[in-house]
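This is the structure I want to talk about, given as structure tokens.
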Amino acid sequence: MRVTFPRRSAPVVRQSEAAPDAGALLSVRGLTTCYGATVAIRDVSLDVHPGEIVTILGANGAGKTTTLGSITGLVRPSAGSIFFDGVDIAGETPERIVGCGIALSPEGRRVFAKLTVRENLRLGAGLKGQSELDERYAEVVDLFPVLERKRDDFAGLLSGGEQQQLAIGRALMSRPRLLLLDEPSLGLAPIVVSSVFDLIGRLRDRGMTIVLVEQNVDRALGLADRGYVLQTGRVIVDGPAAELRDGSAVEDAYLGLGGRS
Amino acid sequence: MSDRSRIGRARRFVDDRWYLRALVGAALLSALLGIVITCVQTMGSGTDARVALSFLVNLAAVIGIQTFMGNSGVVSFGHVAFVGIGAYTSSLLTTAPETKRMASMIPDAPGFLLDAHMGFLPATLVAILVACAVALAFGIVLVRMSGITAAITTLAILVIVRVVLGNWEQVTHGPKTFFGIPAYTTMWNALAWVVVAIFVARLFRESNLGLRLRASKTDELGSQAIGVDIKRARLAAWVLSAGMAAVSGALYAHLMLAFGPQQFYVDLTFVLLVMVIIGGPTVSGAVIGAGAVTLLTEFLRRGEQGFSLGPIHVDQALGLTTIVLGSIVLLTMIVRPSGLLGRWELDEWLRRGAARLSARRQRPHAPVHDGAPPIDPHAVDLIQTAAAPGKEEA
Amino acid sequence: MTEVAQQVANWLTIGGIYALLALGIAVIFSILGLINIAHGELVTISGYSMVALAANGVPWALVIPLAILVALVASVLMERVAFRPMRGAPLSAMLLGSLALSIVIQNLLLLFVGARPKTIGFPGWTQSSFEVAGVTVGWLDVGCWVVTAAVLAAVIVFLRRSVRGLALRAAAEDFEVTRLMGIRADSVIRGAFAVAGLLAGIAAFFLLATSSVVVPGTGFTPMLKGFIAAVIGGLGSLSGAVLGGFVLAGVEVVFQLALPASAAPFGDAVVFGVVILVLLLRPNGLLAARSVAVERA
């Protein structure tokens, strides 16, 4: 049983307008988040259009996880707006934001190790999604057959790649319109990384809109439509993935050279 | 920030040597305390003097508890046990043999105890030794635990000692009052013991052991990685603090001249803990916290006899003191869990203030830095979670 | 032989009460990493409500469930008033805060109800008993065993099968990610405190049915025992709490039998001494939580 998510075409748009992009599913403007006195991200703006994969790149500590954390509500932004489908969700609680249709596969996967695979997936649907549990479960295991095979195993005993599938599957259980993936390749062997990226591609083919935070630059740019590069909390360059791949901007960013301030 | 003046050189000389820092800090605090006590003694009423005296007696215990809790970060419900041990041990040694032999006291106690008749100083020293020995025995077990388990163990220690003190009829007179204790506690010898406690506490805090212990408070794993022997440091703090608590017990016994085992249980524990919490993790904090709570308690105690708030007249409000104290603790934990005074000693505050002043004097327009901006603990949590490693594939 | 049977009966009753208290404490600990020292006050409050209800002629069939309900509500109130504002504070702060709460409640009761012990007029059937093979068994004891077993089973089923129970277990493991599932954090925590209150209320009935007397400090020692039982069993482990309750009761009963009469008053000290030993050998309790410790010192 093949299920596809509703798909709309993805227009090529250059960012840099201050107002939210009307065609975008997610539109972040001027996002600034601080931890106490430390500014983690400053004036970050990005757009994600329906059906595309946008990747956020940057070295460790550049602010990638903070950006995702601000979008999902785990951290309160100090300034800026986050427009999801035209509605500003900045500063909302995670529970509400998930309810709007954003789901996260966190860095390090963070599956519930002491619960079984099935229980993990069940929780992904939230307390409200229980009525459609069977449907959603079927959709997810269609994408990730291994989760069905290991459904009664404790999540903590799965391999890294399987846990990553579980984390993504769990996120999908809430039938999100936007899927955020935080470093899905982290700690995985190259072969497994390939299959994970294949999977992400397949999700895009089914119409899912994805924000992919990655350290694995090549893979990410090979898969994404567009990308943003963060350096010490700011977006220093962005554009279509092909441009980023060919240019030296990304390299410079990682090495701490150049970039606009 | 180069300050080549003589003051600057002297300051750096002191700063570089931990024992000098400790001594200067302790001296400053003791001087302040001494001034306050002298004022009360000379200008205050008899009631004021009594309040100040019981403040000093409690203070010795509070400094002890702070030495353990403030440095190790472990909550201790058990120190009052050592106050009790100090009280009983010293009293057994100072009380006249004839009193002890009375039928209404402890005629069946072992001979050497019945015959003992020492002065305050030797009796207190013995009390300190006994308390430290008991603390050592429990401590060997305690230091292996951390967090909740340790806290519960201290609670268990409190109960164990309470039960023993309350039932060892032969020696402690069981649940009945132990009386006939000579009145050795005066304002000045109490102050003297407290000053000694302040010096010991400060020296421990600045010493290697104290420093290591405080490092383990914020990052246990990290400090273990660089070879810090947390167990030994904790044990030292524990035993030292027990000794100070014993001093408090001895002072208490020779002030009240009679007591029972129920005095060394949950109620006293609560009062002392409130003082420690409000003051925060420093020795200066202990003194200030104890002072603040003593003043507040005095004020409230008068209220317990009945008061009028405008048209409202309350006749007797037993337990009002504790309710207010408890509410203050609750509020403090909600608003400022690290205590009202933060983590710097009094002299450290002064030094930082002076440093800022001199820096501003030399470069009046430059921003003044104290070091790296403080990291928000929530951020640490988030960062640590973000850095949680995934499982490695073979 | 009958003596042994008698002691076994004792053990089951005391163990059941301790298990109920320990489980209530453990549920909150496993989610918040916090020991609620004021848990004992739930017992006291429940006791006083039994006094008030019975004195006002409410039939006993209603008094018991109402008193349990009071404990449940009190627990949820505690969460709202004291623990929610303290969320995010270090562990020691929450320990001290809950101690403060406990003392404040005790003194409020002292102030408004008075220090004199209040008697609960339990109905006759609580004292009745019957003989089985030479052993006197009280109906109350039987009731305690049955109810404890039923309640513990119900809690386990709730936790393992229902979605809310699942959410509780998930929250215990990773609170943040649970929120990311769209599960409201507040709701989960409130649920935990409600369960704890329910358990405390049930324990209160069986506890007070024997002594029939309530003073402001009634709940403190049971809380202590429940606390210790939870730690012995392994903080963070719910089945450990239940096990710990029976282990602690067992140690108490054994020592009461084994110790000579002169040493009897020292019984508590010995029991607590044994507890320290257990903690020394197994610092994480007998059934240490399966994955990384919940210790957040």
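Here the chain labels run A, B and C in written order, and each chain numbers its own residues starting at 1.
What we mean here is this: contacts are C-beta pairs under 8 Å (C-beta built on N, C-alpha and C of every residue); 3 or more make two chains touch, one makes a residue touch a chain.
No experiment lies behind these values; they were computed from the predicted model shown.
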| item | value |
| --- | --- |
| Taking each chain's C-alpha mean as its centre, the one farthest from chain A | B |
| Among all chain pairs, the one with the most C-beta contacts | B-C |
| Where chain A and chain C are represented by their mean Cα positions, the distance between them in whole Å | 44 |
| Inter-centroid spacing, chain C versus chain B (mean Cα positions, whole Å) | 32 |
| Centre distance in Å when chain A and chain B are each reduced to the mean of their C-alpha atoms | 51 |
| Numbers and ranges of chain B residues touching at least 2 other chains | 378, 385 |
| Interface hub residues of chain C, defined as touching at least two other chains | 176 |
| Set of chain A residues in contact with two or more other chains | 74, 110 |
| Sites on chain C touched by chain B in the complex | 29, 35, 82, 85-86, 88-97, 99-101, 103-104, 106-108, 110-111, 115, 176, 220, 224, 227-228, 231, 235, 265-266, 268-269, 272-273, 275-277, 279-280, 283-284, 295-297 |
| Partner chain C, residues of chain B touching it in the complex | 69, 73-75, 77, 138, 141, 144-153, 155-157, 159-160, 163-164, 166-167, 220, 266, 270, 273-274, 277, 317-320, 322-323, 325-327, 329-330, 333-334, 337-338, 377-378, 385 |
| Parts of chain A lying in touch with chain C, wherever the complex brings them together | 72, 74, 93-95, 98-99, 103-104, 106, 110, 112-115, 119, 122-130, 156, 170, 174 |
| Complex interface listing, chain C residues touching chain A | 163-164, 166-167, 169-170, 173-174, 176-185, 187, 290-291 |
